[in-house]
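Have a look at this one.
Which chain is which? They are A, B, C and D, in the order written, and residues in each are numbered from 1.
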Amino acid sequence: MLTGENIVQLVSGLLHWAYAQAGISSLAGVIDPIISAVVMFGFIAVFVMFLVWMERKVSAHMQSRIGPNRVGPLGLLQTVADAIKLTIKEDVKPVNRDKVPYFIAPIVAFVATFMGMVVIPFDKGVVVQDLNVGILYIIAITGFTVIAILTAGWSSNNKYALLGGFRSAAQIISYEVSLVLSVVPIIMITGTLSLSGIVEYQKQAGYWFILPQIVAFLIFITSATAEANRAPFDIPEAESELIGGFHTEYSGVKFAMFFLGEYIAVVVSSAVAVTLFLGGWLPLPYLDFLHIPGFVWFLAKLLLVIYLIMAFRWTFPRLRVDQLMDFGWKVLIPISIINILATAVVWFCLYGKGAQ
Amino acid sequence: MTDLLLSQVKLSGESQFGTDEYVVNMGPQHPATHGVLRLIVKLDGETVKETIPVLGYLHRSIEKISENRTYPQCITYTDRVDYVSAMSVNLAFALATERLMGIEAPARAQWLRMVFVELQRLASHLLWMGAFAGDIGALTPFLYGLRERERILDLFEMTCGQRLTYNYIRIGGVMIDVLPEFVPKCRAFLDYFEPKIAEYEGLLTYNPIFLERTKGVGVISPEVGINAGICGPSLRGSGVSCDVRKQQPYLFYDQVKFNECLETAGDCWSRYKVRMNEMRESISIIRQSLDRLEPGPIEAKMPPVLKAPTNSEIYSRIESSRGEMGVYLVGDGTAKPWKVKYRCASFSNLYLLDELTRGWKVADIMAVLGSLDMIVPEVDR
Amino acid sequence: MGIVRYFRNILAGLWNLLVGLSVTTKYFFKGTTTQQYPEERLPLPVRSRSMIKLIYDDEKDQFNCVACLMCMKACPNSCIKLEGVRQADGKRRMTTFKLDFSTCIFCGYCVEACGFDALTFVSEEYENSVYKRGSLLQDEQAMKWVRPHSPAAEAAPIENTAPATAGAQS
Amino acid sequence: MTNDELKSKLEADFKDQVQSVVVTAQKELVITATVAQYLSLCKQLRDKSGYEMNHLSSLTAVDYPKENKITVVSHLWSYKNCFQLTVKVDVDRGNSSIPTLFGIWASANWFEREVFDLYGVVFEGHPNLRRIMMPDDYQKFPLRKDFADDGFIVKPS
């Protein structure tokens, strides 16, 4: 039967056979992670290009337009063309920039979000590193973006960029709180921080956490949108106010890295949402007789959540910076705390001491 | 202006760590200023301390050029005064000239003018709605607005051959009679368009984010609004009855039934709501005008060369899409006007921007600017 | 009561967000309204003021223009320059006609002022972009246009019904 | 109230505060005042019951080089009583100076700046009398009839 786990075992078997042939079996511990990182990078690059295309198509159809349709079938290669264009484009730099931070910021933005992908389980056993503190790791790693954005805004020597950087710092730090708080009930129920463990729990429990934890799901999606600087929370790069915000002065490859980073952040947060609330690689109820591999289910759910985030972007206006703070601190955080308390009370009543 | 910018550079003398004003120069090229308006914004963090509009980047001296053109030739320039609502400015100039020279346009021409001016109001409000939503961050209504606007422009093109600068409403009548299929097509458009307004409202009106951004922002009180010369839908949002169509009826506006849309709060949301309601009223006016459209001549009998009487002058006002549009003409007995003055709604509405944004956030500048429905060529002329 | 209002506001907000999402979702599944320009071309209305042409009478083998200069006087931007000579038969004929399309605003006064059916708008030719500014200055050969002899095309794009005051002024 | 009634009312109310009240051939009511009468006249027109001209619809100027004068023209409108008045004041072309209406109608601010910019009429007491359309370092006054246009304005043949 074709499952993600089988494929991984097959590939790793082949690799180890190859190591043995080459006589470098002792280096497997070094080469294996490199290979998985490269595979993950290739996957994420292709997937993000697809997402950019998808966003343009989704927005176009929502607006009664056609969207990209010139390069390749249905315009699928449009983003490839754009990526090539961005790569070979002149890198315009402001003269009075702060050179080192200006150079490092896009790299940090890209790497920090990309590192989140490491613990995402695409299928049972298909994960680069199944950390037992997966959620903690993701939340910690994605927090790096704020440093990148603040550095970019500061070092660009541009007033719009600086404003964007400040806004981003305030926003991401505030929404980090509600993001964490919305995840807490899941951790309380499952008693594990490992993403794979949470999916396994949902499999055994027979329901997905979106049912008992719909409030947490909404808060998580909202906070994740804000974390990824997506509309309606895109105030750091609000183009009608701040031109481009923190990336006003970036062009070429550096801009592409910010751009890529934003989309990877969307992928990571959607993947976490799928894992936590939508049962990860589990098939839809009553459809498991189809024997569709788990990673297909995972990707389907992932695209659904990403579509939702895109629909938000193309439907809603943008919040003002102080209203954004109000919303985060006065609505999301209280509700998620109430949610935690309610979950605790209900689960205590149902299961006594706790789920374990 | 340079002095003003230089004065910001000086450090405060009292403390080594004195704070400076954060001066952001928005425009002339900025996504939210709808053209080449420049705003010098002094900030304290995110809070706006002062907004100084710098005008003149689109000053094309239309008033000076018009002094060297004959009266009919001036109409081609009125198209460019407010290109989003060119029919209204055509009408303003044509009406002023007719009153100056004592010409009376025939009834069919008057009804046609009403149809086209109200269609233009729809087109202008649609574009405004899209731009306003875009300023606030919702990008989709812009496309929806343009989609419907295209159909209006198709109606215009079918009739007069142009989509933006029509030169259609002329002195003493209109340029050309409508085609026989115009009336059914126009009615079909109105039937198609009317339910769309509810869709836009579904996207925006009670959207919580939209409400947050517009409710209570940029409040113009009636007294301040009147005193500062705010006019049109922007003043009607404060509850002041100021519709020229009601107060000083021109064309046949006294013969059609329509409501003057008023809101009381005076904030951005009220101004938005007034314009959305005005679209519905415009549909009703167009329907009534189409009903009353009867065959007849479309232009008055006029001398081949139009000359204004010596020492004659006229100040004639209409309600254009953006508010009160006045044309002041002074005739000197020749075929060319001695003086032309366009009193434009955008110019007087923009005046209050500083007061409305002071103490608010940067993003509110865009909301207020958008809600005032400002068109830069009309400001600068 | 404050708490009730707090939650009611949140729920009402969520509902109105859903209303907005329903509009965009509806259009997501509806067709598009875009035309793909170079491949799909919409026919322009016959009255469309797209390009000004000088009518050439191929039966008489001459332009209809008699160089009465009415169009030149009517033009608000003085972008028309033309000259004419009195021929041996006593009739005036246009010799050179220059229209600077870089300053022309397609107001239509010249076509309306023309009393000799010499100028017309054509709706077929509307791609007026050029690579060099100089090529916007067109002469009578570039603007030469022979009216098709099919009856359908007999209807002139813009009939000469506009106010007579358009021209005849200095 | 017809224009003629209004005219006699105006003449009665502002007997020595105006130079003349005329109903033009175009049926418009035009008040002519001197520079000295101008400010108090406008203030009374705004405040006096029965007039309440609370809306300064437009303020502009007309240049008459032959008579060596610039006429500052204000168009007033009363939202309450729904009638229109035109107030004209002649100022000298060379040394033009006139009190500002900013204290009466705030909208006069930019209108007067525009008139200053394009005609060179100085409004005394104006809070911010700078050029508004033309560049700050511009020297000429473009809407004056003797403006040398430097070939910018194409005159029709």
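Keep in mind that, in the parts below, a contact is a pair of C-beta atoms (placed from the backbone, for glycine too) under 8 Å apart; a residue touches a chain by one contact, two chains touch by 3 or more.
Nothing here was measured: the structure is a model prediction, and the numbers come from that model.
K.L.:
Using CA atoms only, can you tell me which chain is the most central one in this structure?
P.N.:
Chain B is the most central one.
K.L.:
Measuring between mean CA coordinates, which chain is farthest from chain A?
P.N.:
Result for the farthest chain: D.
K.L.:
In angstrom, rounded to a whole number, how far apart do the mean CA points of chain B and chain C lie?
P.N.:
One centre to the other, that is 25 Å.
K.L.:
In whole angstrom, what separates the CA-based centres of chain C and chain D?
P.N.:
Computed value for the inter-centroid distance: 40 Å.
K.L.:
What is the distance in Å between the mean C-alpha positions of chain A and chain D?
P.N.:
Averaging C-alpha atoms per chain gives centres 64 Å apart.
K.L.:
Of all the residues in chain C, which ones touch at least 2 other chains?
P.N.:
Counting only residues that touch two or more other chains, chain C contributes 17, 20, 23-24, 27, 33, 76.
K.L.:
Can you list the chain B residues in contact with two or more other chains?
P.N.:
Within chain B, the residues that touch at least two other chains are 69, 73, 140, 144, 147, 203-204, 207, 209.
K.L.:
Residues of chain D touching 2+ other chains?
P.N.:
If we look for residues of chain D contacting two or more partner chains, we find 155-156.
K.L.:
Write out the stretch or stretches of chain C touching chain A in their complex.
P.N.:
Against chain A, the touching part of chain C is residues 10, 14, 17, 20-21, 23-25, 27-34, 36.
K.L.:
Which of the residues in chain C end up touching chain B in this complex?
P.N.:
9, 12-13, 16-17, 19-20, 22-24, 27, 33, 44-45, 47-50, 74, 76, 105-109, 121, 123, 157-159, 161-166, 168-170
K.L.:
Write out the stretch or stretches of chain B touching chain C in their complex.
P.N.:
69-74, 76-77, 79, 140, 144, 147, 157-162, 165, 167, 170-173, 175-177, 179, 199, 202-204, 206-209, 298-299, 302-306, 335
K.L.:
Within the complex, which stretch of chain B touches chain D?
P.N.:
Residues 1, 55-56, 59, 61, 63-65, 68-69, 73, 99-100, 102, 224, 226-229, 231, 240-242, 247-248, 309, 312-315, 317, 324, 326, 328, 330, 338-339, 341, 343, 347-348, 351, 380-381.
K.L.:
Could you please specify the touching residues of chain B with respect to chain A in the complex?
P.N.:
Touching chain A from chain B are residues 22-25, 30-32, 43, 45-46, 133-140, 143-144, 147, 203-204, 207, 209-210, 212-213, 361-366.
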